[in-house]
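Across the two complexes that follow, subunit A remains constant while its partner is subunit B and subsequently subunit C.
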Partner chain A sequence: MKSDTFWRHATLWPALVLFALLTILPLLKLLALSFHDVEWVNREAVWEWVGLANYARLPQDNLLRAGALNTLIFAVVAVALQMLIGFILALLTTRVVRGRVFYRTVFILPILVPGIIIGAIWKLMYSYDFGVLNSLLLWLGLAPQDWLGDPDLALLSVIIVDVWHWTPFCFLLLLAGLESLPDDIFEAAKIDGATRWQQLRHITLPLMLPTIAVTFVFRMILAFKVFDEIYLLTGGGPGTSTEVISFTIYRRFFTEDQTGYGAAMSIAVIAVIAAGIIAATRATAGKGAKA
Partner chain B sequence: MAFFTRQTKPLRTGLAASALALCASLATAAEVPITIVINQSPWFPGFQAVVEKYEEDTGNTVNLDVNPFAGSLEKQRTAVRAGESPFDILIMNAGFFVEFYTGGFMQPLTGIDADFALSEDIFTFDDSVCWDATAKTITCDGDGQLVSVPVNPFLPLLHYRSDLYEEHGLEVPTTWDQLYENAKVMHNPPRMYGISQRGQRGAFDVTFDVFPYILSHGGGVIADQKGGDYTVTINSPETLAGMETYLKLANDVGHPSTAGQTQTNVIQNMATGRAGHIQGVPAPAQFDDPKQSAVVGKVDYAVVPGTEEHGPAPGLGHWLAGIPRNVSDENKQAALAFLTWFQTDEAQHAYAEAGSPPVSKAVMTSDMADEEPYRYMRALAASIPTAQLTFTIPEASQVLAVTELRLNQAIGGELELKEALNMAAEEIAKVLSDAGYDAPMLDPLQ
Partner chain C sequence: MTHAADTQAPLAASRRRFSLSEGQVSVIRHLVLMSFALVVLFPFFWIVSAAFKTQIDLLMGHILFEPNLDGFINVIFDKTSDFLRNFGNSMVIGAVSTFLVLVIATLAAFSLYRLQWPGWVLHSLLGWSVIFHMVPPITLAGAWYSMFRSVGLDNTYSGIILAHTTLHLPMALWMMGVFVRDVPKELVEAAQIDGAKVPRILWHVVLPIVRPGLAATGILTFIFSWNEFPVVLVLSQRQTATVPLGIGKYAQENTIAFTEMAAASTLSILPAFLLLLFAQRFIVRGLTSGAVK
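And now, the complex of A and B:
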């Protein structure tokens, strides 16, 4: 028995070592970098210890503040819409008998399209002069809109693209959850005279809560990391209207070559997201226990 | 078996012929293969064509690693900081080349071949090809050593619709006021915009496009980087006047989405006949190719306008080819062989014929300039002496991050112009003082 336990632990070690090498060591390196400024002199990297100075700069960074706010708005609005639409589509699809494979394939198509193609498609659709959306508005006798160039519209335009792109992800997970619900409970509810709305409100939603929570957390994590859509559609502009955290880090770290400061920004963002995930997981676990 | 033998005979013959061809090609290749890291710019197809010509003429092999603007910069940084660079030639932009010089990453070209010299016909673009490593300054005098060869004279020219100028009896503008009046005549949105300007923020986008406006009003970003005066001047009354001129054109006779316009959008607007004017870098092939353009033969070129007091003053956005220190001696020789060939009259002519502006003054002012496809050359040759280096400090990327954001915010209306310039001044002063420069500020604009 003792030998079994030993071997069970021993077989875990290779995976743990690999995990440490691939994840923890780069994070530690990033952490170390965040306490330094790096300058290149005669082809040599000169690391200057600056303590917490890079972290102290974070609250004063206007771009980071704008990025944090936009990321929050982007993540909450986009994910809420994706969850809602994904859930409605999943509910509708479970009831479809004929052609359900066709509908499911159509619904998941956007998730299969590479980001670069999505950027190109939507950039063309949003084009002020040549885009299909403005052509439609003009045909309806309405004024064309500057979808990506107007600071008041740009973030919404990017959110629409993200909703189009990622709703299938929510749809797939929620559909899997819906199809795994036991039929006998619904049959019993029907016999008791429960309406469709009552079934949804009192059976489907409570039973789906764990699936909804997992899908929501997955999507929120991905939404906080949004980069490609912003990079391709607006470059963070106009002004700071579509600036998001990952783009700010990219600028500071790579374009401006402020590696120490960029590392501090990355560590801070990782810490905030990790705290958010822990809080969300605990809240979900609490609700699950109550349910 | 007989079938197999019969069927493989042509195949074997083909293989033998290919092997012979390969041997012949190897025999003529005098240099090892090299790789050039370059960005995707409007002039890139011309460069690609001239590289192919080099390969045909010499038998040498040149691989091109093509990237977006910012991606190319990142690859170059990573390459020179590695043990051995995967790239033998870096195509560096005017905004960022100094950081490669300052870091000691570039190989002085005479260190590879003591006899190597820049052809007298090639523009030096304000000595930006030379670096004095001791004084840490750009100069071809004294201890300044040749570290790069220009590959593209990327500076803005005024592109205008010559057919509409003729139709309306307009004269080519030399001042912004004249340009405004001409653009007003053509402005008929959404069918035609008087002018289309690039206002989107990027790595060196909107800043590059406003330089002609602010420099020609006597303004700037930093007073005199080469001369050691780091006074921040982006909120000077002169810079303000330049930006007001830019905004007047954008708001009255420009595209309604100037803050969201990229270089591609601006070129598209001209190519589709929706813009009366653009300020663009010369890449004439794209407007004279019927497959890409609705305005073939209808676009002409002039020096960008200026003010009566200061004249025209475009910013230099040229590209320089340098060889990193961390490549093998064999590869350095091969890279230098390409740069030597690139400077020749033959190569420069071929470069122009392929649709990219040359860097040779001799070619730019030759009879070629009188031919229709090369009508931009005279304007370009006249522009180069008026052009100014934009950044000569290694912290340019951080300064640009500030200017790209604040200028874009002013253009898009997110910030009031004076507020944007004052904020930019404070942020640039901080970047400079953190880097150890004495960077005084002007009084804020009221």
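And now, the complex of A and C:
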């Protein structure tokens, strides 16, 4: 099939060209920028070589430190809560047959809505003066809270939004996993007199491990990229209490126009993520080969 | 809710003690699911009701109110409102980038899985798209901005469409990969032996089989493009601004027009909501094949 060589290339090249022009080239551009200081003189960019100076600044950047720490707290706490609540609800509601389409519609809805609108909705609900959460607190006879303005509370408020946003989807994935487990193992365990806790601990959890891992990884990736909701809810504040890594890059690169330094920060984040992925793939490669 | 067993055990125990029937257990399950569904839906009810309130009703926290369309009217018809333009921009950018993503991803998936590329090509392309997909888009947005500026593509539909196409290509590539692998190799080989060229094979053999996959991938790509925020924030100005940018603007004004913000949010949810109602099976299939695998 000699003539097919042409088509073999023609079908793959559009994707290759797009990736080359819009991912590889920008990456090289960022790399070049990261060794320079860029000044704007008469709408012309003037690059000044600064070597590794931009990278040397990274560890001393308090905003970056706050951003990295908050991103980590945000991702770990939010994803852990989503998985836990989702898993419990999935355990409680397996084998519900009626109303499946309705429930599935409801639980998919939040992830199809723009993040920025999730932020808008919750910003209104969190409002100190008229938000529904404070109305509820007042009705219960409790003091209203400044959900987004209180530095001690803001990160938690943002996490609550994310838990609301993503728990339904975790629930759906975990439920699908639970329902695909073979019934006969549980029948056998029951006959052997295993308690419900023993069944959960020794059968359900081990069998569910792949589903749990997939859901976890999927959510962690998105949690590390969080930007939209926080942009609208708090803009990273008050102070640095909800500063996340995407925000720090945005601020340094665009708001403050520190192009070279922002590029160095981007490169560092990309390098950390790439290293993480490669390490994770290496670690699971052995298992994958066996399976 | 700290331990799965704590919530399960009492249920099991009570079932033994009072010997709940299957019917009663099912009622409890529905109660749990119903409460969960209410928690998920409540913010949507609240924002829709806020959109129909006057600013005073909203600020006073009135639960009962006379529905009022001012918020919607201001958002749609007011001369200072960009909402309709944003809506149109989102439609154009979403539709064109989805079309490009589908064409490029389907061709590439077919090429990779059915046209005998060496393993390293497959693995390095997929590996790179995984890395690119996991990196926060904001990291590359700056480079895109300055590249587009130097070729005159900043603040143009073409620039944003290119960026969105690239952004959603990895996901589409995996999803279409899953669907293309449903095309039997023998079928492709038989067609090749009969002398059919690749375009004919794509059109007559592959396309009919992957059509549901195209629908699933297309719907999700469109929704993700519609929702995308950080990249348009960097790349577009007023003329090319999309819906999320418009909503973001409301929140940044000194005196926030709450009812308009609520009305605009309500309208912006509609496309995803309608797709979810009328094309749910495609969305579910897309989410289970692409997002997860």
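Descriptive notes on the structure:
Heads up, the rule we're going with is that the second predicted complex is superposed on the first by the 251 of 291 C-alpha atoms of A that agree within 3 Å, B and C clash if a C-alpha of one lies under 4 Å from a C-alpha of the other, contacts with A are read in each partner's own complex, and residues count from 1 in each chain.
In this text, a residue touches a chain if its C-beta (ideal position, glycine included) is under 8 Å from a C-beta of that chain, and two chains touch if they have at least 3 such contacts.
Owing to the predicted nature of the structure, the values given are computational and were not obtained by experimental measurement.
In the superposition on chain A, contact of A:129 is made with both subunit B and subunit C.
Of the two partner chains, subunit B is the only one that A:149 touches; subunit C does not reach it. By the touch criterion defined above, A:70 lies against neither subunit B nor subunit C after alignment on the C-alpha atoms of chain A. Subunit A has more of its residues touched by C than by the other of subunit B and subunit C. With both structures placed on the common chain, the touch criterion links A:157 to neither subunit B nor subunit C. Legend: residue contacts after superposition of the two complexes on their common chain; A:242 is shown touching neither subunit B nor subunit C. Of the two partner chains placed by the overlay, neither subunit B nor subunit C lies in contact with A:34. Of the two partner chains, subunit B is the only one that A:42 touches; subunit C does not reach it. In the superposition on chain A, contact is made by A:234 with subunit B only, not with subunit C. Using the contact criterion defined above for the overlaid structures, shared-chain residue A:254 touches subunit B and also reaches subunit C. Taken together, the two structures place residues 45, 129-130, 254 of subunit A in contact with subunit B in one case and with subunit C in the other. Contact residues of subunit B toward subunit A in the complex are 70, 73-74, 77, 80-81, 99, 102-105, 190, 199-203, 255-262, 268-269, 272, 274, 325-326, 397-398, 401, 405, 408-409, 411-415. Those residues of subunit C that touch subunit A in the complex are listed here as 1, 4-5, 7-9, 11-12, 26, 29-30, 32-33, 36-37, 39-41, 43-44, 46-47, 50, 58-61, 103-105, 107-108, 110-112, 115-117, 121, 125, 128-140, 142-144, 146-147, 162-163, 165-166, 169, 173, 192, 197-199, 223, 226-227, 229-230, 233-234, 243-244, 247-248, 250-251, 258, 261-262, 265, 268-269, 272-273, 275-277, 280, 283-284, 287-288, 291-292.
Here subunit A touches subunit B in the complex through residues 40-43, 45, 63, 128-130, 144, 146, 148-151, 154, 234-241, 251-252, 254-258, going by the rule given at the top. Contact residues on subunit A toward subunit C in their complex (touch as defined above): 1, 3-4, 7-8, 10-12, 14-16, 18-19, 22-23, 25-27, 29-30, 33, 45, 84-85, 87-89, 91-93, 95-96, 98-99, 101-110, 112-117, 119-125, 127, 129-130, 132, 135, 164, 168, 171, 173, 176, 196-197, 200, 214-215, 218, 221, 224-225, 227-228, 231-232, 245-246, 249-250, 253-254, 259, 262-263, 266, 269-270, 273-274, 277.
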